Amino acid sequence: MRFGPLVVTFLTGATLIAIFFIPHHRAQETQSIILEWADVVYAFALVLGSLTLWTMHQKKVRQRGEGWFYSAVTLVSLAGMTILGVVQGVSADTVVGRVYNMVNAPLASTMFSLLAFFIASAAFRAFRARNVEATLLLVTAIVMMIGRVSIGEFIWKGFPPLTEWLLDVPNLAAKRAVALGIGLGAISTALKIILGIDRSYLGRG
Amino acid sequence: MAAATKSFWHRILGVDRRWIFLLVGIGTTLPLLFPVNLPVAPSPRVKAAYQAIEDVPEGSLVLVSLDYEPDIMAELQPMSIAVLRHCFRRHLKPVILTLYPAGPGLIESALAIASAAEGGRVRDEDYVFLGYKSGNQAVILGLGENIRGLFPRDFYGTPTDSIPIMKRVNSFADFPLLINLSGSAIADYYIRIGASRYHRPMVLGSTAVMASDYYPYLSSGQIKGLIGGMKGAAEYERLVGIVGDARHGMDAQSLVHVIVVLLVLLGNVALFATGGPKARIGGGA
Amino acid sequence: MGETLDTRWFDPARLNLLLGLLTFVAFLAINIRRAHSSKAGLFIRPIAGLKALDEAIGRATEMGRPVLYIPGIGDMSEVGTLAAITISSRVARRTADLGCDLRIPCYDPVVAALIDGTTREAYREANRADAYRAGSVYYVSATQFAYVASVTGTMLRDRPAANIYMGSFYAESLFMAETGNLTGAIQIAGCDQVTQLPFFVCSCDYTLLGEELYAASAYLGREPNQLATIAAQDWAKALAAAAVVLALILSALGHPEFGRLLRTS
Amino acid sequence: MMSGFDTWIAALLTLCVFSFLYRDNPFYRFAEHLFVGSSAGYLLAVSYQNVLKPNVIEKIGHGQLLPFIPLALGIMILGRMWERTSGIARWSLAFYVGIYSGIAVPSYLQAQIFAQLADAVKPFQPGWGAINSALVLLGFLSVLAYFFFSAPHTGLHGVGGRIGIWFLMVAFGASFGYTVMARVSLLIARMQFLLRDWLHVLPGA
């Protein structure tokens, strides 16, 4: 039953690898078309996902379960944004564009800015010189924090070059090795899927 | 040691994180209300980015992809304004696009500020704004093939074939410089495709966090210069000779860093005062 | 480029990449044979975080609280996401066996559809199809911080006993991991974004570093073919290290040509 | 720029999110549910306007037949809505997974592996630079050793792995310290918004 989809994965995967090595314009055009199709599949997946989101919250509202009011907020905003966006468009001068700038944008940037608080509490809790590794981590982080801001230069002229050195030498070395390993891991993971060695994504544990 | 002092250090170790939050909040707000304007020194990477734009012959078209949304505009918007002002000042003609649906609003506002600050620039003559296109990697692949096919019309609906300066460009290969300011994997795609596959000189602006990820590409020459975060933007503002939002925020930046460092030191003093280092790394309280 | 259409069927500048790919495929084939021919199987050193995965699910079962599995905010173009999907099916199999509640909020709708399938299948294989609750795997929103808001809300209100983060994570990593730390859950992370690893290391009990995420997806299956891919990666790493050292020696002796073979277009 | 009303909404939502720092509360929960619905709806509308409309609806309207293929694949994915039809979605998912696995193989090979190696084999710099180059090489090899799974961490390999961990810790510390700056920047921008755009206690735009 799963043989068919496995063949599909193999064929599309192998085709896209082959296209990488074929500069012929036909090959490149084929790639553009396939990628456009992928976009369409993604759009439908969004529809599917939003429908499940809808059903989940609708159930809560209907059963008047704990926090049903909040689910109603999700339902109204989901339906409102979708319908207005499909009918009127989404550019900045539409209702959807305005709501985006008034609601989504500030919510996103405020959520993001909370990280400034979390990073301070995480540093306080985790940066304790318990062993060699933890000490290396904490000392580098402190040098980096001080050396990267204007006040670091006031304290010691050597701070900015030291942070550059940390980034250019030990950091570069570690990241290069990690990047190489990740590259190999990624290639083998992708090949496992294309070659059908790993089929768990199709539902086989 | 007296029992009272010991319990003090224990209390420090187990302090409610909300006290830390409060300190950070105060450390950010006070310097904004009472600025002291600490100076900013440009780093070599930002200087390299500046130089890469300086090296482009006057009148050239440069491809500028501004790929971010409001959530990280704090870091990238001041950078976009500074880079656009620099381009305008050097009479380069940016061809601008974005791969994020919420990007165009930010870009229009950056363009308006940059153009006004540099004495006014004319759309379709001094710059082109192609707008947003979905598809991330697919779009970047398309930029190597046929730009006017990919963007039949610009953001304002003008057919790109009818814009005179667009006749000079249709692929990565036609641009002497590629500028990408982004806070996501988009930068990797541009490096993999624009810089590596099409061998275009590229300047990258990224969030401060992502910046150190791109150091290897800098030393391998795949990118020419790198502007990282609000600090990078402040340094760039300094090179171009302007004072924008980035330079305004630098005092608060310094103070919060000092607070975090003092907290870490305090935590370690408390650790030693209460019985010294043991247990494992990570995990935690 | 530009106006002239390319009509070549092979790009000679990419010959080195093709050879590299073929070498890797050869390593894979050899190791698959090795894995099947040797009785003891291939040696792969244990990865600390993976043992902890079982323990965490066990503890959640004892406490009668759910396990929260977070497959990252990468889309399918990031291979870390593929690893996250594979690992999710192992985790689901384990929770199905133990009868523990599992929740998987997803950022990407395609990933949600895939994980929904793998999870159902895992429960079916464990003969616990009835225990699978529709809605255990759900799409939230492909917007970074809307997803985070929802996940952290779940952490604070449903109090999962174990939070498992696997996949590609960006800035949200610390937000979620710190909130999870606050609720006192056991936290295990695996991430292929180097910049986010320090935050997981600071806030989680165990962290799979970089490629350990990929190794985990192969390791958990314990199938010879999967383990062979880890061995093939190790061979490639050894070859890469040897090539770098050799090239540096040759260039010190005045022959930089070897290193140039690695340049690509 | 935002109008007075929009600024007020944005500011109130900003405060809702900040309230999370104290503890979970109805205001945060409201913002969270609003954000989920509004962003999911926005994405749906955007993908309709930018993908489905131009790539499927308009093309089919012009009499093209090719877009029926992605349309079919997309509709098949909706099969996941019901248990009985869920198997049919496998075909579209297999296609989608195949595409991105296929793209991943050559791209990771090129940018993560070959580019990193090409850089790693650059000749040592003269003078003091040589020490840095040697350190980068040492770090690179030792971190690779740490990630070598086919042998236990004993003997020379064990020593290499241990040095590798030290390099990793320094790199992590550098990343952490470097990140503090970014997070604080975002918080500064949020505060600039509240103090300047909303409360007008800061000078400027």
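The chains carry the letters A, B, C and D, assigned in the order they are written, with residues numbered from 1 in each.
Here is the rule we use: contacts are C-beta pairs under 8 Å (C-beta built on N, C-alpha and C of every residue); 3 or more make two chains touch, one makes a residue touch a chain.
Keep in mind the model is a prediction, meaning the values are calculated, not measured.
Engineer: Among the chains, which one keeps its Cα centre farthest from the Cα centre of subunit B?
Structural biologist: C
Engineer: Just list the two chains that share the greatest number of C-beta contact pairs.
Structural biologist: Maximum number of inter-chain contact pairs occurs for A-D.
Engineer: Determine the centre-to-centre distance between subunit C and subunit D, using the mean Cα coordinates as centres, and give it in whole Å.
Structural biologist: 15
Engineer: Give, as an integer number of Å, the spacing between the C-alpha centres of subunit C and subunit A.
Structural biologist: For subunit A versus subunit C, the centre distance works out to 14 Å.
Engineer: What is the distance, in whole Å, between the centres of subunit B and subunit C, each centre taken as the mean of its C-alpha atoms?
Structural biologist: Centres of subunit B and subunit C (C-alpha means) sit 28 Å apart.
Engineer: Counting only residues that touch at least 2 other chains, which ones in subunit B make the list?
Structural biologist: 17, 21, 24, 28, 71-74, 101, 134, 137, 196-197, 207, 209, 212-213, 216, 219, 231, 253, 256-257, 260, 281-282, 284
Engineer: If you look at subunit C, which of its residues touch at least two other chains?
Structural biologist: Residues 17, 21, 77, 79, 82, 110, 113-114, 117, 120, 139-146, 149, 157, 171, 181, 194-195, 198-199, 201-203, 209-211, 215, 230, 233, 237, 240, 264 of subunit C touch two or more partner chains.
Engineer: What residues in subunit A touch two or more of the other chains?
Structural biologist: Counting only residues that touch two or more other chains, subunit A contributes 17, 20-21, 28, 35-36, 38-39, 41-42, 45-46, 48-50, 52-53, 67, 90, 100-101, 104-109, 111-121, 123, 125-127, 133-134, 137-138, 141-142, 145, 148-149, 167-168, 171-172, 175-176, 178-182, 184, 186-187, 190-191, 193, 201-203.
Engineer: Touching subunit D in the complex: which residues of subunit A?
Structural biologist: Residues of subunit A touching subunit D: 1-2, 4-6, 8-17, 20-21, 33-53, 57, 67, 70-71, 73-82, 84-86, 89-90, 96, 98-120, 123, 132-134, 136-145, 148-149, 163, 165-184, 186-187, 190-191, 193-194, 201-203.
Engineer: Spell out the residues on subunit D that touch subunit A in their complex, using ranges where they run on.
Structural biologist: 2, 6, 9-11, 13-14, 17-18, 20-21, 29-49, 51-52, 55-56, 66-67, 69-71, 73-75, 77-78, 80-81, 87, 90-109, 111-113, 116-117, 119-120, 132, 135-144, 147, 164-181, 183-184, 186-187, 189-190, 193
Engineer: Per the contact definition, I'd like the list of subunit C residues that touch subunit A in the complex.
Structural biologist: 5-11, 14, 17-18, 21, 24-25, 28, 79-80, 82-83, 85-86, 89-90, 92-93, 106, 108-110, 112-114, 117-118, 120-122, 125, 135, 138-146, 148-149, 157, 171, 174-175, 177-178, 181, 192, 194, 198-199, 201-203, 209-211, 213-215, 217-218, 221, 225-226, 229-230, 232-233, 236-237, 240
Engineer: Mind pulling up the subunit B residues that touch subunit D in the complex?
Structural biologist: 18, 21, 24, 28-29, 32-33, 72-75, 101, 109, 132-134, 137, 188, 191-192, 196-197, 207-209, 211-212, 216-217, 219-220, 222, 228-231, 245, 248-249, 252-253, 256-257, 260
Engineer: Residues of subunit A touching subunit B in their complex?
Structural biologist: By the definition above, subunit A touches subunit B via 28, 31-32, 35-36, 38-39, 90-92, 97, 100-101, 104-106, 108-109, 111-113, 116-117, 119-121, 123-131, 133-134, 137-138, 141-142, 145-146, 148-151, 153-154, 160, 164, 167-168, 171-172, 175-176, 179.
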